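Below are two complexes that have chain A in common, paired first with chain B and then with chain C.
Let's look at the complex of A and B:
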């Protein structure tokens, strides 16, 4: 396959570099910023040469932010913990609800089935702001404002449709005869579901769970409106760095680095499943 | 008492009726072949017996007990699927063992039984492999082993040789009847291949348009097909079908084919005056190189050798096309065709069908057919 000319190779190389620069440079710049103080960051012209400092990270980890106007308490580590708790619980709940539902939609024809599935998908169309006002009113009445339960519940709007629709496709790709064969061999419905259907759809379930986790992690608006500081995730917590004495760019950069790390690690770890999961349907023999 | 009995099974989908009042029974140790072209409801019938689909009407009775409303896992059936339907994440051993595992067989006995059936099917050397590492033939044997291992009373085989290569299909056709005899199950074997049906079946049920069109021993289906369609489906090369008219001649009756008057049995008399279709099996056509007084001149268009017999494509008066077969050893004298030949056949070999209904007009004396 060595038919590509040198010109093509060079052009391809340049284009790949351009794309990578476009996507990776912001991350690289943020990483650099996280090791600088505000003065160094705001230098004009900006420079790559600087004396690195860890003060942004120490401020985040200790929860003490020193500004010109005095010390400020920040709850960043708590925000990070909230993010982890909210996203994990939301995805687990979505899996518990969404995987059986996906199976039902894939295997059984029932009245209004397609309509219900589409309605669930349509939760992804609506801009969150559209539902937030009525939601916040309901939440006040139900006493769910500023609770983990309430947030995890709202996060189902993000996670459930995603898991339902991706996993449904996987169940549809599994030949029903494989399950039928297991039933005829003498196994109950539940065993056929748990020992045949679930393991065969596992790459899809893993991919859907990872995507749902990332979407939940990145959510900003639900937590901003429906929760107070003690329950808010990092995305909202980063707002705390916009202080009376100025915007703390260094801390924001460090906070971003810390909050991106878990999802990045998770995505790297699950990359195998993701690629396999998202392409399995296409290449299966 | 039959091991398996189907009583008046009917099943329809949105697109129409698939099975219409199908009844049949299979004794222990008997192999019934359900034969028919694709789309006639053969697979649906098996699914209904297995309990994967419910019939709209009718009952499935196994060993005298009505199981129509039982779940598939309650029926104790063995089934091999056309697409094998192996569990891709289990090893070959675990695939075969799954019916035993469901029945709570202790580990030692389970291993022994899986080993025995694997040896019988010559797959004992691949028990540790995953299904994707197996050849099609091994997959098919694994599926068969899984169906057989628990020694079910009822065994359903859904065209199990469809997806294997020709050589293996031939071997299995010889091997399967012997193998199935040792299990003493009531076997329903579904196929679209008439040779397989002839080779394996104690009885053949010809399924067409959701109905059993004929229920008979293999030789009978071939020699005395119930209808034009059955005659057409059974036999390769296909039967020659020649439209004609049954007329009364003096005492008897007969048809005129290729300008020649052919008397047929007197028992056809009741159908005199009907338009009929005369069926003539290719092997009943005698083809000669030289002219004889009674023979009819045909053009030989082509000679196609097929194993032991060669198929001759003939074109006769008014463009009538006719297929004939001759022993391969005799085919040489015809070269590659494009010549004149003379054909002959015995009027008794004609099968007459009603042109309107397609049903065979059976002479009352079936001496030759049975």
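Let's look at the complex of A and C:
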């Protein structure tokens, strides 16, 4: 493998460029569009040389869209706030509920634990609508439709299984000997868990939390069904925005850029954890 | 390890309970209750999933339309039986299976190719594999909107490129002939990196010796690839394939954002069809029956997947 020919090096180089082009060009192009006005966007042939404008972003930030037909209110910043609120709360709740359960699954072998783990695992692959449609009827009866509490609760369906399975794998990889020694020294179970087990499993918990946050942020179908405009996250809000604003392509591009930036920055910042979480979550459990 | 774990905890239990003091007994029962207490929230979430699931199964056996509450009644398997002679159902079935098969095949081929391209852990290769995380971390619904902007017939950059190649009036997702191609393209853009990451992790974890031995003997590279790399990578390939297959047959976000199942019924995959049955035609019974059919398909596939996964877990964590 080491004595690669120049021909092979060049081929590899070209292939890598092509791969990068395919996967990064859409992001790059939408970013450019978000700094263009409609005249520049509609120009044929398209050109990379243009005078950038911030008008799309100011329109989104101020919530006022000037169109030929008059001013249009856009609640996009509200969607962004909703996404942040929903994803953060969902992940925090999931961590509080999931980490102790993952610890129980890893350290104590008990029938119920296996059953729960398997139910969650098999529903990880069930169609979300199967659960969501009856749930939407129940939510109406319970008065949980279109509430943050209801949404955060439903988001546990995404976050909790992820956290359970990834963190459980980490706890299993840590030898229980240290905790046992600590317990024998007279400390309570809780102290052994919080002082020894959690710090040792911190990378796994971080990976799981990040992945859970990104998946919660990127979720579309839950909020589409259970939330109305005022509670919708960006994924649903952006689609509604496209339908409402029609031809304001610059603003649509800017809205997409604002919506994907948080997860993309997180992904770049935490890429090591992320790759680990993804491959662990999928391969090892 | 799991076995030795339980043996060890049994041993500590035995050691704890042998002095017959009441304090020890209390600690012992506390220790027995602890795992159940800790997993209670997870149990509640399980119940929160199972109740709607059984409700859906029940609804699927009913004539249940929200706009016609008087008609509500138990009809056994009539919803399912009506599917058999329903062209729309078979259209849904065929488009969902086609979508899943095409996306997973293309993504597997690309993912494996890119993983092989980046297998050596050089700084450049690692940087490239990190950049490829970006599409995967983009919300699929938003990715579909990005591609919608790029394939807009008036100004879309891809429409422009295609027109340079001589295809005038190429209408992407709005043309029934190219709609599937367009959503597959978005799916491939989003999910190829997922397969790439799994396979790259797999490739890098393979033992070095067989490859060194093959290089020493001057074995041709095609032989190395087909007889050493591919068989050793197979567990990862199967995992990635099943994982994607399960997601892909349930695709909703990309299709719904792009075309809402259109043009016509060209992209009426299972979940989009069920969503429209429920919210447009308020036919709860039919929608639920449709979801149960999809669930049965995914259940069969996921059983395969879980069995395989457990085998891998065993290898990673020791025998259970």
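What we mean here is this: the second predicted complex is superposed on the first by the 258 of 285 C-alpha atoms of A that agree within 3 Å, B and C clash if a C-alpha of one lies under 4 Å from a C-alpha of the other, contacts with A are read in each partner's own complex, and residues count from 1 in each chain.
Rule of thumb we're sticking to: a contact is a pair of C-beta atoms (placed from the backbone, for glycine too) under 8 Å apart; a residue touches a chain by one contact, two chains touch by 3 or more.
In this text, all values refer to a predicted model and were calculated from it rather than measured experimentally.
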Open item on the list: Looking at A:149, would you say it contacts chain B, chain C, both, or neither? Reply first, second, both or neither.
Closed with: neither
Open item on the list: One more residue to check, A:178. First (chain B), second (chain C), both or neither?
Closed with: first
Open item on the list: Just checking: does A:10 make contact with chain B only, chain C only, both, or neither of them? Give me first, second, both or neither.
Closed with: neither
- [ ] Tell me which partner A:128 touches in the superposition: chain B (first), chain C (second), both or neither.
- [x] second
- [ ] With both structures superposed, pick whichever of chain B and chain C touches the larger number of chain A residues.
- [x] C
Open item on the list: So in the superposed three-chain picture, is A:103 touching just chain B, just chain C, both, or none of them (first/second/both/neither)?
Closed with: second
TODO: Tell me which partner A:186 touches in the superposition: chain B (first), chain C (second), both or neither.
DONE: first
TODO: Considering only the touch criterion stated at the top, classify A:196 as touching first (chain B), second (chain C), both, or neither.
DONE: first
Task: chain A residues contacted in one complex by chain B, in the other by chain C - done: 180, 189
- [ ] Would you tell me which residues of chain B are touching chain A in their complex?
- [x] 47, 50-52, 71-73, 75-79, 81, 83, 85-89, 98-99, 102-103, 146, 150
Open item on the list: Quick check on the complex: what are the chain C residues that touch chain A?
Closed with: 1-2, 5-6, 8-9, 12, 31, 34-36, 38-43, 45-46, 48-53, 55-56, 59, 114, 117-118, 120, 124, 128-143, 145-150, 152, 154-155, 157, 160, 189, 192-194, 197-198, 201-202, 211, 215, 236, 239-240, 243, 246, 250, 252-253, 256-257, 270-271, 274-275, 278, 284, 287-288, 291-292, 294-295, 298-299, 301-303, 305-306, 309, 312-313, 316-317
Open item on the list: Touching residues of chain A toward chain C in the complex: what are they?
Closed with: 1, 12, 15-16, 19-20, 22-24, 26-27, 29-30, 33, 41-46, 97-98, 100-101, 103-105, 107-110, 112-113, 116, 118-135, 137-138, 153, 156-157, 160, 164, 169, 172-173, 176, 180, 189, 214, 217-221, 224-225, 234-236, 238-239, 242, 249, 252-253, 256, 259-260, 263-264, 266-268, 271, 274-275, 278-279, 282-285
Open item on the list: Per the contact definition, I'd like the list of chain A residues that touch chain B in the complex.
Closed with: 175, 177-178, 180-189, 196, 199-200
